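What follows is a single structure, and I will ask about it in a moment.
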Amino acid sequence: MDYTPDKSKIAKRIARFFKSGDIVNLGIGLPTEVANYIPSDVIISLHSENGFLGLGPAPKAGEEDWDLVNAGGMPVTILPGGAFFDSAMSFAIIRGGHLDYTVLGVLEVDQLGNLANYKVPGKLIPGMGGAMDLTVGAKKVIAATLHFDKGQSKLVKRCSLPLTAKGEVDYVVTDLGLFTVEDGKFVLQEYFKGCSPEFIIENTPADIIISPNCKEVEV
Amino acid sequence: MDYTPDKSKIAKRIARFFKSGDIVNLGIGLPTEVANYIPSDVIISLHSENGFLGLGPAPKAGEEDWDLVNAGGMPVTILPGGAFFDSAMSFAIIRGGHLDYTVLGVLEVDQLGNLANYKVPGKLIPGMGGAMDLTVGAKKVIAATLHFDKGQSKLVKRCSLPLTAKGEVDYVVTDLGLFTVEDGKFVLQEYFKGCSPEFIIENTPADIIISPNCKEVEV
Amino acid sequence: MIDKPIMSAKEAVKMISAGSIIMVGGFMGCGTPKSLIDALNEQGTRDMTLICNDTAIYNPDKSLITGVAPLVINKRFKRIIASHIGTNRETGRQMNENETEVTLIPQGTLAEKIRAAGAGLGGILTPTGVGTEVEEGKQIIEIGGKKYLLELPLFADFALLKAKKADKAGNLVFSRSARNFNPIMAMAARTVIVEAEQIVEVGEINPDSVMSPFIFTSIIVPVK
Amino acid sequence: MIDKPIMSAKEAVKMISAGSIIMVGGFMGCGTPKSLIDALNEQGTRDMTLICNDTAIYNPDKSLITGVAPLVINKRFKRIIASHIGTNRETGRQMNENETEVTLIPQGTLAEKIRAAGAGLGGILTPTGVGTEVEEGKQIIEIGGKKYLLELPLFADFALLKAKKADKAGNLVFSRSARNFNPIMAMAARTVIVEAEQIVEVGEINPDSVMSPFIFTSIIVPVK
């Protein structure tokens, strides 16, 4: 099997997680793209950790309001019924368990549900921003990542990088499949069309078991 | 000397403590009366612990807004430039040291600066309300009390009632005089006209020293 | 945003049952949801725990009764957690005669305990109450030579709140000093029932003016 | 209410000196007081400590520079306390080459530490950071079998804030997502300098709409 990275599969599959009424935080980057694939009959609300609920799409060119940006500092819009608040309230919402899901990018995720995404010692140190609070606080944590980076699997037995949070990841969605984290192992729940459980297991240096309900899914 | 209780002396003297710009919380009851005697050229702001700054006088009969009450639940007004907030912010202001003065009534106050005003075990138990936070949080604490209640001095060596706060009282103003609390003793700074230091010392079961600057004051 | 259920006070309080822990917004009755209190009183639910700043005003001589006082008088609570009970003499009587367990908490500590519950904090350190009866049974933590009490979060099953205005998604605006404990209680209860003077369409409240965001609101009840 | 001093940015930042601890409102530059940052940059004050959510955006390839980035580039800080530095590569370079001490704090913890300072709390317990490098050197307190980090308050000498509107007494209104850290920093600094787009008479802001009450504001600076 040939592997061609495909971020859109990740975004498309994650977009199917939600039901109407869910409150969701999407990290900057790949997770942001999830918003493009949410079915039109599912009405969720997006939380932006810089201080509002009801995050809408980017404005048209020329209509930017620089007082209204997302957590990446880029102009966005707010939907009718949205609400602004300060950073203490924004993280009270996060830490207090008021978010149904958070979707985050990862540098590494391991079979214990540990996640690393804020620091490569001596090299890249972007900082954790809101990620530590989001992983600890949200009801369900979805790690969104290409399965491989430069040929290396992002799913590992044990993270080698400094952790963002310990044992908080519930789901991992890659461009190959959907995993849950249970009892110290990845459990393959879905493999995406064009891939196979065998390919995933062979190329992932982590303990993976195949769920009895595991199925092929087209995304 | 004959003793005739006179609450107005207490309110009048306390009203002279403030300078323009001070932020002050006046307890319900006697302390509230302080507001009536503040010189017209001294512009202070009153904090109401139920959630606003800029507490104004009671409205005219018929103009009550029952969404705008003081900490006693009675209709009041808000002055131009006032601001409403929630109870967490109200006590952040108090506890965070943002009040210049708090003025509280007392059941007992002692020479260590301890204050008791929320509970008489087995009898009256109104509860501390905001008093514990106010005494701990305000920059300066003024205890306002008639000197005697049923012949007993309210100023004592050691409070016998459960404490509202330990060692927080800075000033005690009675209808006889003004005291500071220093090094475990009351220090008489002013005695009010018609009274004498000797009368105060003889009739107060607490250690009182007379300040070298002690003077007679007309209030 | 999706709309929240809108129902009568009578319908809304049906989910509250014996043993429920309820938080009630308001300060001396100002900002307390009267329709909800009346409906809950009529329903007759007993053995509840009340978390409220105070037990409001009950003065039979002046026929004055506000806020949660009707529930107190009818002995609906097995436990009351409040900062002040002095203006409702019936609470004090029940306390002194051991009919009702009353826990008094400094008002600022009460506010922070409720906020901590809503904000996912394990607790907060306050200087308030050090050296008083309030410190009994609590962990004292010394920082930089100063003592603080470790105060734990306070959660409820239900919050009964009063808003000036709600949109159908549950965004809330409070009026003047009727705001008090309402916004923080909205964060700290599993089910949040809001009595609103005015219910408007989604989009009619300026997002900058929302005082409690829609996600906390479970049910909206129009004022009767 | 009494009026607060109104002065130019240049005049206002004169009281900030080498070694000062400054908090700066804003998130990626949104809600950061640009006139104050420019004036402080021009003043050339060094060895300051910065407390800010992030070090904003610095992208020389795109000539993009926002928020506190000019001060970072000109090496005005001996220490930076922030939650995120990834969009200003110069901060990371100074950190890696030990030119500037950079302390990374989870964003929610940063917000609560600042709020705790303003609210007179001795600290707060958060689950965030347990089991990570963030817990190093901190007291871990277990409550009901769950671990929390004790996080201490964070104070500053100066807060530099950006408001949409200020009245002359110092009541503030913020705009949209430019609110972010501004209201909590207003509580936590000895001197609070507010750059306001609009300065109005006392009484022109509805008391229900005030987002930071006048008592926190020390100085008002009109936007240049």
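Order of writing sets the labels: A, B, C and D. Residues in every chain begin at 1.
As a convention for this text, a contact is a pair of C-beta atoms (placed from the backbone, for glycine too) under 8 Å apart; a residue touches a chain by one contact, two chains touch by 3 or more.
Everything numeric in this text was worked out from a predicted model, so none of it was measured.
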Task: Determine which of the two chain pairs, A-D or B-D, is joined by the larger number of C-beta pairs in contact.
output: A-D
Over-half contact-pair match to A-C, picked out of the listed pairs B-C, B-D or A-D: B-D
Statement: Rounded to the nearest Å, the gap between Cα centres of chain B and chain C is 29
Message: How many angstrom lie between the centres of chain B and chain D, each centre taken as the mean Cα position?
response: 36
Query: Which integer distance in Å separates the CA centroid of chain C from that of chain D?
result: 33
- prompt: If you look at chain C, which of its residues touch at least two other chains?
  reply: 112, 115, 119-121, 126-127, 175-176, 207-208
Message: Among all residues of chain B, which ones touch two or more of the remaining chains?
response: 52, 78, 84-85, 88, 91, 94-95, 136-137
- prompt: Can you list the residues on chain A that touch chain C in the complex?
  reply: 20-21, 23, 43, 45, 52-54, 78-85, 88-89, 91-98, 137
Message: Under the stated contact criterion, what part of chain C meets chain B in this complex?
response: 27-31, 53-54, 56-57, 66, 82-87, 92, 95-96, 102, 104, 106-112, 114-115, 126-134, 164, 175-184, 211
Chain A to chain D touching residues, read off their complex: 48-52, 65-69, 71-73, 78, 84-88, 90-91, 94-95, 118-119, 122-133, 136-137, 162-167
Query: Where on chain D is chain B touching in the complex?
result: 1-2, 115, 117-121, 167, 169, 171, 187, 202-203, 207-208, 210, 213-216
Message: Quick check: in the complex, which residue numbers of chain D touch chain C?
response: 112, 116, 119-127, 141, 143, 146, 148, 150, 152, 173-176, 207-209
